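For reference, chains read A, B, C, D and E in written order, and residue numbers begin at 1 within each chain.
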Amino acid sequence: MPTVGPSTLDFRDFFFVAPEMLLAVWGLVVLLLDLWLARRLDPAARRLWVGRVALAGTGLAFAVALAVGLVPLMARAYPEDAGSWLSKSTLDYLFDTDPSLFSGTLAGDLQVGAFDLLYIVLLGLIVGLSRAWSFTEEWGEFLALLFWATVGMMLLSAAEELITLFVALETMTICLYLATALEKTRRRSAEAGLKYFIYGSVSSALFLFGLSYVYGLTGTTHLSAIRRLLVEAQQSGLTANAAGATAVLLILAGFGFKIAAVPFHQWAPDAYEGAPAPAAAWIATGSKIASLIAFMKVFANALEPWASPDSNVLRPGWIGIVAVVAAVTMTYGNLAALRQRNFKRMLAYSSIAHGGYLLVGVIAVGLAADVSRAAGAVLFYLVVYAFANLGAFAAAAWLARDKESDQIDDLNGLGRKQPLLAICITLLMLSLIGIPPLGGFFGKLYVFMEALDERTASRGSISLVWLVGLALLNSVVSAFYYVRVLRAMFLREPAGKPMAAADRLIALPILLSTAVVVGAGLTPDLLMGVMQAAAAPMLTTPIVVHKLTAPTPVGPPAPKKPTPAFQYSADQMKKMGQMATGGAGPPGGGGPAPKAKAGTKSATPKSKAQAPASKKAENRP
Amino acid sequence: MIINNYIFIGLLLLAAIAFALAPILVARLIAPRKRSRTKSEPYECGVLTLGETWVRFRIQYYIFALMFVVFDVETLFLFPWAAGYASLGLFALVEMVVFLGFLLLGLVYAWAKGVLRWV
Amino acid sequence: MTAFAVPTSWIFWAQEQAVELDRGLAVRWGLWLVVGFLAVFPGIVAYMVLLERKAAARFQDRIGPNRVGPLGLLQPIADALKLLTKEDLVPRGADALVHLAAPVLVIVSAFLMLAVIPFAVGMAPVDLPSGVLYLIAASSLSPLGVFLAGWSSRNKYSLLGAMRAVAQLVSYEIPQVLSVIPIVLWGGGLSLVAIFDKQADYGWFIASPPGLLAFLILLVASIAELNRAPFDIPEAESEIVAGFHTEYSGMRFSLFFLAEYLSVFAVGCLATALFLGGGMPIPFARFPLNLLDGSLARLVVVDLILLAVFAAKVFSFVLLMIWIRATLLRLRVDRLMNFAWKYLTPLAIVNILVAGIWYECVIRPGALTLGRWLGGTLVTGPMVAGLVWLAFWVNRREWAGEAAGPGRPSLEGARPDWETPGQTGASPQRAH
Amino acid sequence: MARILFLVIAGVGLTSALSTVLSRNLVRAAVSLAGFFFTVACLFILLEAEFLAALQVLIYVGAVSILLMFGIMLTRGVQGTDLVSGPSAARLPGIVVGLVVFAVLGYAIFEEKGLRTQYSWGALDERTAIARGSKEPGSPLRSAVNNMGKVVGVELMTRYVIAFELAGLLLTAALVGAVAVAHREEDETRSTGSGVPPEKPEPTADKPNP
Amino acid sequence: MGSDIPLSWFLLFAAATFAIGIIGVITRKNPIAVLMAIEIMLSAANVNLVAFWRYGPERLDSGPIAGIVLAIMVITVAAAEVAVGIGLVILCYRRWQAADVDRYDSMAG
């Protein structure tokens, strides 16, 4: 019997989406405030005020994201006194460590909560950074587009279903196209925007065509359902499928563009250089994190049966192609970065190279026996990479503000003038290379260890040793262009216009990023533990169709955005129930995916460490 | 079947095209046809055409076309909502308030920005 | 899915939803196509032209055409013959194919709109499950035709006229579409026959505050969509030569003329079918429909009544259009565009939400009772009034005539809305 | 009979797509693009998705082609001829890549080992039949085909509500961003038209509105 | 009514249109022409989705109409993309006085 869509939805799911809703609404607030102030204040005062309101918005969103994260944890930790406060069904609802929201289209697990916080922190830093100097007149629009791009990123990394994933991807990229082109006083910003747009649209068309073939093969758009159908097909001995191969290639093209993997990277250098520094920072960090998480979800969760070589969809499975792309991306990124004079273009090629390293991590996830550890390693690497890149772009912004140019040589003599910030930038550069005491090293260490893990290698017939070797070689090569920045800062004499003192707005991102990078270096297992716990539920969210559950008012403090709590009269509920059966055809046939972890859904919360392992074993065929 | 209805629409389309072309063909037969250079000049109220017809237009044409596309796509979501509202509860109205709120504020933005003026 | 599928299927008007392409359906379609679309409707439209000229004359206290035939009744035929014998010019360098395709596209758009209107029980030419959306899609083809007409005649002024005409058509198509949405909401579906049945149960949709506002928005937007009366900037005589059909002469020009009147008729049918309970004489009564008991004679009688009432409503709608054309002045171009985006579109959007509230008050609880209707009116009436007042209040500065706000340029120094090469803008001309 | 109809529509569609890609004059390319969108709408009707067909005509033929033509007018002037881009160097590789892609996709469609155990796409000749004319609510597919507007409305509001609200946000962002990008501040520094190709008259100075 | 149209015919039409779109994207230099080619590619994907919705088995994990909802989202995204694309092209045209991609070469390397 086909599963009938819920004729109504469970309003508590909006509780988990509160940060996104707040950011979307706050984007409008900033936009209209900027227009209102445009007639009253001169541009500089207007920029500071609107910037302050935007920062307040990110602070609020941080608080809401924290609340969304903590309320389920506290309910699980103290079920007794929470019980007095929340209704029984709400308690059950909150105990689900891997809730599938809106009938399977979104995930609400720890990974989504953790990365929502990460996006909001990064957004706060970038908004602070963009207050440093006036690079555009459309000030409110620029901030609003950054806010809406963040909403797109948060929903992209939480999407468990191809339709929501596609719309979130497009929201994010369209906001970033426009943010790139807003620096209208410079010609290259318009050119960067148009090139980014054309490449982006072509690759989203390829991506969509791949999605249509996946929909054709499996008939559904939910990632878990696709996985279940592919596993069924594989068990019935049917593996090789040319349509599956073309779908994999086309989807890889779409994601390849977002991660700036080699065949689709031409836009990255121009976009990073042309875009205003804060927009370039958000493209380099936020867009890459969200795209990579979605990449992992689609390839390591939905298309996982086609991953390993024995699936011979195309001889080595998608692992083979991604391995080749990773190798070429790494080497091209590093070699091209060697001859860059422009700081932002160098950062662009370095982010392409880091895209290559991350793809190695995704291969490890595809092949790994213990998926949560491998995925945790990739998430760890992403967090450290994001903060390191953000600090680097803050330095680029500082350069653009004071010296109106992006050349690396303009950093000359920074060591003498601003020793503290120069040291921080050095630490960031060293972390990007992967020098031991810093977070970057541990990121690469975990990822490459996962790739070399003997169980992974044995499971797939291709050994990843050559790939890890190439990655290490690339890390060494990358040292040369990062060091050039250090040489400019410390060994060169300051030339031309001296760099003005970096005020709080530019210093904060650099200092905070250095703190995170150094902290991740000193206590890697703390961050790795969190990331591994976050990664556990990431790849297994089942489809749960919420039947009409009595939406009694939710006990815990309603977050800033009041979720619409409706009281239904008894007969109205009966009528809707009757309409649900009548209106949308008989109740569904195939039934929602068997809950992968029926075991854990019990009144008493099991300890988290034990639950994922058992769940993972069930899923692995 | 659904397609039956649309066969009629197809026939109607052909009939409409025939209805439009028939008089033109008839006019071609019985109307006088005296070709001459001056008659086929583009009509310029008697003034000879100044330079090639090269003219660039102001930006408000693009902005009005853009507003039209965005609000036309908005109706794309309004029609299914309106059609299916009977079997949905009051929550559908709240969702539509949020959706229309966003787009209305987009219109307010364009209005306050001053781009809606046909200067 | 008409509620009155009459069992005897051989009746020409009988409506079988999904019938194989057999003889009955083929004959029915043939009748509709030949009699309906190629004879009756053009006849109605031809005599509408005459009606317009007569009525406009009456408003200006003169008689209007009465030379040809008794009381001028043969005037349309005379016009047709004259146009047939006029020379049909195509300017040099024009894109011949597109130049011909533009008027055809506009005519086709008007014809397609009539294919789905339920004139009476079972008398809808074809009942599409997504009828309203088909109507809106058909009416959205005409701006494309207008633009192609302007561009293909390779004439600077006609292109400029076409761009302005399309900008106006496009701006007024949004309120027109948005004002139809409350009807779909209350009709519970997109099929016009379902809407007809719903209006039989719940009374005419115009008899509700949001319905009334929606009807007025549709009326104003349709007048602008047809380039008539206060909104006929593109065809105004004093405007840029003759707008987008400068280079059209003879029969091609008359096609545009014919298409305009055909769309007036089509919009009249649309408004009657959606708002005025098409064919139902008394707003809240089911009068002719309760006579139906399946026998053919009853059906014919009921259909005749419905057709007569439908024709009367369309006739009054067209008269209203003619009346407006004869009395109102032409709006300045920026006032015209402002009116679309700053009055009609916001009103139409918020009206949809008020319509949702009306649905919850009146239609959701079940059958229509006076108490529910009054309750709905009391709830939504002040809302609608408040909305209209708010729309005018927000634009109050414009009414006061002075430049709106310090930062904005007043309209005196306005530029011509194009820059020809070499013109350094020395003499700022008045905006026209 | 349906097959003949399909072949006619597909033929017209492919020729108009080709003429969009190859024709020199941009406005004629836009006209054939509008024709292509209309043929795609007819294909949707053949697939009994007539709600989508009406939307396709309304949005693509009604709005997108008008916007494209305005875009052409705003950047090319009256003729709309593609003055600048002569026969581009990348013409041959482009056609080769296109043919390769078509060959790969063709093979993928007709490859006999379909994913679903019993048939692949190539062998699928009959569409899942929906009982004709019967009134009682049959399978969801039939209710989806018969009154698609209603079913899409219910699905959009319940299952895909996040995609729906996000689409609203996407439209607002596109509107706000495009207006911000296209809006010209009065005191904006005017870029001098350097390196303007000869066949155009001397660059017209961008006069900011007063 | 003649036998039904086989699914593969629709898929072939979509594949051919997709290929034409790719040819258009690669060979045309004018950004608006590239934009039109991208619209052709997106419409090809739409035809695919609706064909799979109609011919596919009634596998309903994602509701009876997932293909159509995705097609509607594609129409929305395509319209938003054209709106943004034309805006960017006009901005570039105003900045560069020429509207074709090869001439924009201010950023080298």
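By definition in this document, a residue touches a chain if its C-beta (ideal position, glycine included) is under 8 Å from a C-beta of that chain, and two chains touch if they have at least 3 such contacts.
None of the values given here were measured: they were computed from a predicted structure.
J.: Looking at C-alpha means, what's the farthest chain from chain B?
T.: Most distant chain from chain B: A.
J.: Average the CA atoms of each chain to get its centre, and name the chain whose centre is farthest from that of chain E.
T.: The most distant chain relative to chain E turns out to be C.
J.: In whole angstrom, how far does the Cα centroid of chain B sit from the Cα centroid of chain E?
T.: Distance between chain centres, rounded to whole Å: 21 Å.
J.: Measuring centre to centre with CA averages, how many angstrom lie between chain A and chain B?
T.: So the centroids are 40 Å from each other.
J.: Per the centroid of Cα atoms for each chain, what is the distance between chain C and chain D, given in Å?
T.: Averaging C-alpha atoms per chain gives centres 28 Å apart.
J.: In angstrom, rounded to a whole number, how far apart do the mean CA points of chain D and chain E lie?
T.: 5
J.: Which residues belonging to chain D are in contact with no fewer than two other chains?
T.: In chain D, the residues touching two or more other chains are 2, 46, 48, 50-51, 55, 58-59, 62-64, 66-67, 70-71, 73-74, 78-79, 105, 109, 116, 121, 132, 139-140, 143, 146-152, 154-156, 158-161, 163, 167, 169-172, 174-179, 181-184, 191, 200-201, 204, 209.
J.: Quick one: which residues in chain C touch 2 or more of the other chains?
T.: In chain C, residues 18-19, 21, 128-129, 133-134, 136, 140, 154, 156, 159, 163, 170, 173, 189-190, 407, 409, 415, 419, 421-422 touch at least two other chains, as defined above.
J.: Return the residues of chain B touching two or more other chains; collapse runs of consecutive numbers into ranges.
T.: Residues 1-3, 6, 51, 53-57, 59, 61-62, 65-70, 72-73, 75-77, 79-80, 82-83, 85-88, 90-91, 102-103, 105, 109-110, 113, 119 of chain B touch two or more partner chains.
J.: What does chain B use to touch chain E in their complex?
T.: Against chain E, the touching part of chain B is residues 1, 3, 59, 62, 66, 69-70, 72-73, 76-77, 80.
J.: Inside the complex, what are the residues of chain B that reach chain C?
T.: Against chain C, the touching part of chain B is residues 1-2, 4-9, 11-13, 15-17, 19-21, 23-24, 26-28, 30-34, 39-45, 49-51, 53-58, 60-61, 64-65, 67-68, 71-72, 75, 78-79, 82-83, 85-86, 90, 93, 96-97, 100, 103-104, 107, 110-111, 114, 116-119.
J.: Which residues, counting only chain B, touch chain A once they are in their complex?
T.: On the chain B side, the touching residues are 86-91, 94, 102, 105, 108-109, 112-113.
J.: How about chain E: which of its residues touch chain A in the complex?
T.: 11, 14, 18, 21, 25, 31, 34-35, 38, 41-42, 44-45, 48-49, 51-52, 56-64, 66-67, 69-70, 73-74, 76-77, 80-81, 84-85, 88-89, 91-92, 95-96, 101, 104, 106-107, 109
J.: Tell me, which parts of chain E touch chain D in their complex?
T.: 1-13, 15-30, 32-33, 35-37, 39-40, 43, 46-47, 50-51, 53-58, 60, 62-66, 68-69, 71-73, 75-80, 82-84, 86-91, 93-100, 103
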